[in-house]
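Both of the next two complexes hold subunit A, though its partner changes from subunit B to subunit C.
Up next, the complex of A and B:
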């Protein structure tokens, strides 16, 4: 059970890493912008070259709230190393290199590679599954996008975009509706639909922070699985440092130290 | 008679002095490394297990009045201290275990210093000295690749939290070749335990010289296949055990390992050296699935082949709610002719806290045993970490 929980914790963090956004240009809502231009900006802003941060994952459901603290380092969208610092999981680490995930258990001095079949499960009994974050973050290669409108979503002017998968059998959520902030071109909200076009999950960015001139990151992200009543998962990040992280951080040696 | 008594008292005093001297040494050893770290982390683990009820039905009467005593309860309190810097890290854990069969056991379960030595700009060598765990091969219960601690679990008590909670004194070197290929060498150092007799309350040292040895393993990834090969040599008993372990990240995680122990020890009667070989093969798989909206199921069967016999172990958890589930564990030990089954609910109200109630049934049909019986006990178990 412990093994799975850590697997779950790790992957939710990977998702968060993908959501850390870099913004090159502040912009006012521009209805003349093409859908391609909006998605280009969004995709360009998905990943930092290197991140060092502290944070937590809170899962709130009918049984209460559980919070797990962690530290993470990432490089691009392919590399991340997460260490859990809460008492129950202290010292356990997760390394992600492209589509491989390695787990380190300090008590047994053991490294276990996470199997892809585990990706179907809920992460930390939360509202997020491994499949939600599997695959690369290239929207335009996998979806046909349609700009529906520019609207105020949760008090923020956003581009409302509808995505339908080119091959709906390959995608976990073949139909998606996303809101992209018009000022920062960061993800603001999303609705994820099943193959039968039933709403399955919602995602809401509740806070972004400016780390330097024209650079932002998502500091609070809330997931909700509509099948789970009264359940939300909040990922909160703090003490974020944007800088290059050496490649050898994402190795077995680093995992074992 | 008087002389014998004097010698015994002298021996007890000597043991006590040795014990106290070692306690002081260990205390210094534990705390000194932590002076190096700005941040020190501490945690306490408490584990309590008690039998609520017990029954035993004898299968055959051999006429021997053998009073069988199974594990009816134990308590373990462990204090862990850890610190880490950029190039050095250290951990120490002191555990007090109490069982009705062994009495009180004070043990230093972890005490190590690990340091990183940069090699150029790309890689770091790691050196470690102290008492720590080490897992070679793969397997939660049976692991033929574990040539250091053995292929069988440390405890066959199915209510145990960790079946392979092994640790030994070692000097270890980790040599990375690439990011995911490495060499690891280890030298095992004899251990010393202190046990307090539950009746006389005398503290007795016991040294484990069997762990004196050296080993090496090579770990690599070839495509989707992870594999490692290596071996461990025991100097005292003249045994060498090479092994190979393979993990297949298929749709279901599958792993296999095999090892052969070559025993070069000398026959005491004939004073002749004769080679004995023992081959073991183990394998297992880990299946995990989501069930319903908030449930999950984990199934982990493992097998081990030894002396022309297969042993089977099954570990299964079905959590129909996030906090509540059922645990089923079974062990068919054909080699020992003991069959065990554990079944019961488990409750996880918060992180780090687990409460379980298990029914454990074990059937012993060993031909040579005087204890052929069906033992059933109802156990209550609690673990808390803070």
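Up next, the complex of A and C:
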């Protein structure tokens, strides 16, 4: 089994923002395929020049289910902007520029720049935290990957890959197990572990949608924070457009408009 | 000649012994009554703070909030606030019904609001605060909140105006006219942010209300928290002029809320608590009283040992005198009774002196107040106490203390007298 340094998988978590996958090859599972090739295809499929989509976040816990509607714009892997459109959160925006996160509230005069200590807070009391959506594009250099097996996961043939951080103190989830679909090379499921190798979060891709030739879009993703009992967060995306988004959309000045 | 008269005459004959014994009783009585007055002062202080400023005589909250109080789950609210206020304000003995919305928020101190994000390296500074939504008009009618304003004015209803606690203002250098931005959770379990203009700086007599606090008009707070017509608690204050017991007052509130729940199909379970069950500090003060009582009992016992000792020595020194009395027809039981009278009078004298001195001292201190800062430590901002304590003594505790000290000192004091039983007239006369 070959090992390879790859990026931090929090970028994979960014899928729910990027929500797009591109298929390099619609190949049948091939046990001879190297892990380099699998991860190359996975990583290549995560980055687009621009994405515009509508969607919702549904949080289900012991107090019931609540749904927050949103609009998403992204550019490459460094820029994303979420605007919440539900009545209670209308006008609130979350801007991510590389590893920085800015919050805009319509009733507040100041833009909130989150510091690292606040990244562990959950977004809208969901199973997703700010650190799950923060990341950079250099993650391939931060993990060592092992292809464990090819197996059927939730009825889908997938490559099962174990990732361990080179420097476990720097990563939020230093140990991760991911399943990559063998047909589309999109993320299928993931288990995220703490430094003490305790399971912290799970995510499962429940639906993908073909948006163009060889391009797939993750349209339903379920997060679960193990620390929150009986809680899941489902992210649904729809009305996806893949096109260039102007850079000025991702500036603090534009947040106020 | 009556034995009690002989006892009184003996006491005047042995003035120094009498004074010594009386002081032995007087000092512990004074100390114990002083300790009790401090505790009573603290209890009065806590009651005033809770009923006036914090929670009223009875506080209504969502039961789920109370069960999970440690997690501060503000989204467990009391809804239909205006209807509840309307119903409760018509009840017998109700002086004021006030709704409050308390939400933990984070004040954003700094931050960036210009420039392209790629170059923006500065991050916001976050400071935890408690946002309190108040019905300022009612608060003013209840305890004249305006008198606590250090600067500025009260916020107007339906505006983005706020009061800030004096220590918060000092800590963050916030002045009247400044804009404060904060963010926090909402009742819908989302998050929200808001900017408000500080129109006044308030300085409550209780430190904890001035530290990390931001006071908004209730409807502005509800707007921020996305909770129209809802509050985290409703405070009901009793009219002191109406004679109604606390338990009946609470029962009336419970029964009218039950009726309201049935008629309006409200499913929220209410936690209806009297003031003395609200704060753990009030309970600590009650425990303090018990501890002081134990300390007091020990002091009284120590005082009584002084009497025991002097009575014992007195018996030894006066054996010849007793032998003479015995030869003149006074039986041993009669001599014992004389001694018991002497102890009783001494104890009554000591207790009376102790109480008189402590009453004079405590009543003076009750007027001028006891500045706790004199003891070296500033009052902790997180305690429900004012910096000036006004000691007081209740009739109940005064009576109890008099009876207790008299009884203990008397019982211990008469113990040596039993030894007279074993003596003979001859041995008494020979002892000089």
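FYI, the second predicted complex is superposed on the first by the 232 of 257 C-alpha atoms of A that agree within 3 Å, B and C clash if a C-alpha of one lies under 4 Å from a C-alpha of the other, contacts with A are read in each partner's own complex, and residues count from 1 in each chain.
Assume a contact is a pair of C-beta atoms (placed from the backbone, for glycine too) under 8 Å apart; a residue touches a chain by one contact, two chains touch by 3 or more.
These numbers were taken from a predicted model, which means no experiment stands behind them.
J.: So if we stack both complexes on subunit A, do subunit B and subunit C clash, or do they fit?
T.: Clash - subunit B and subunit C, as placed by superposing on subunit A, overlap.
J.: For A:250, using the defined touch cut-off, is the partner it touches subunit B, subunit C, both, or neither? Pick first, second, both or neither.
T.: After superposition on chain A, A:250 lies in contact with both partners, subunit B and subunit C.
J.: Identify the partner contact of A:227: answer first if only subunit B is touched, second if only subunit C is, both if each is, neither if none is.
T.: first
J.: For A:68 in the superposed arrangement: first (subunit B), second (subunit C), both or neither?
T.: both
J.: Of the two partners subunit B and subunit C, indicate the one touching more residues belonging to subunit A.
T.: Of subunit B and subunit C, more residues of subunit A lie in contact with B.
J.: Between subunit B and subunit C, whom does A:92 touch in the aligned arrangement: first, second, both, or neither?
T.: After superposing on A, A:92 lies in contact with subunit C but is clear of subunit B.
J.: Under the stated touch criterion, which partner chain does A:125 make contact with: subunit B (first), subunit C (second), both, or neither?
T.: In the superposition, A:125 contacts both subunit B and subunit C.
J.: Pick one for A:170: touches subunit B only (first), subunit C only (second), both, or neither.
T.: A:170 sits against neither subunit B nor subunit C.
J.: Does subunit B (first) or subunit C (second) touch A:195, or do both, or does neither?
T.: In the superposition, A:195 contacts neither subunit B nor subunit C.
J.: On the A-aligned overlay, A:103 touches which partner chain: subunit B = first, subunit C = second, or both, or neither?
T.: The second partner, subunit C, only.
J.: Of the listed stretches 20-28, 146-154, 254-262 or 326-334, mark the one in subunit C with C-alpha atoms clashing against subunit B.
T.: 146-154
J.: Which residues form the common part of the subunit A surface touched by subunit B and by subunit C?
T.: Shared contact residues on subunit A: 63, 66, 68, 88-89, 97, 107-110, 112-113, 115, 118, 125, 250-253.
J.: Which stretch or stretches of subunit A touch subunit C in the complex?
T.: Touch list, subunit A to subunit C: 59, 63, 66, 68, 84, 88-89, 92, 95, 97-98, 100, 102-103, 105, 107-115, 118, 124-125, 250-253.
J.: Inside the complex, what are the residues of subunit B that reach subunit A?
T.: 41, 43, 82, 89, 91, 114, 116, 122-124, 126, 132-135, 138, 162, 164-165, 174, 176, 179-180, 182, 219, 226, 247, 249-253, 286-290, 293-294, 296, 298, 317, 319, 321-323, 348-352, 385-386
J.: In their complex, what parts of subunit C are in touch with subunit A?
T.: It is residues 108, 111-118, 120, 122-124, 126, 160, 179, 181-183, 185-186, 188-195, 224, 226 of subunit C that touch subunit A.
J.: Per the contact definition, I'd like the list of subunit A residues that touch subunit B in the complex.
T.: 1, 3-4, 61, 63-64, 66, 68, 86-91, 97, 106-110, 112-113, 115-118, 120-122, 125, 129, 225, 227-228, 231, 247-248, 250-254, 256-257
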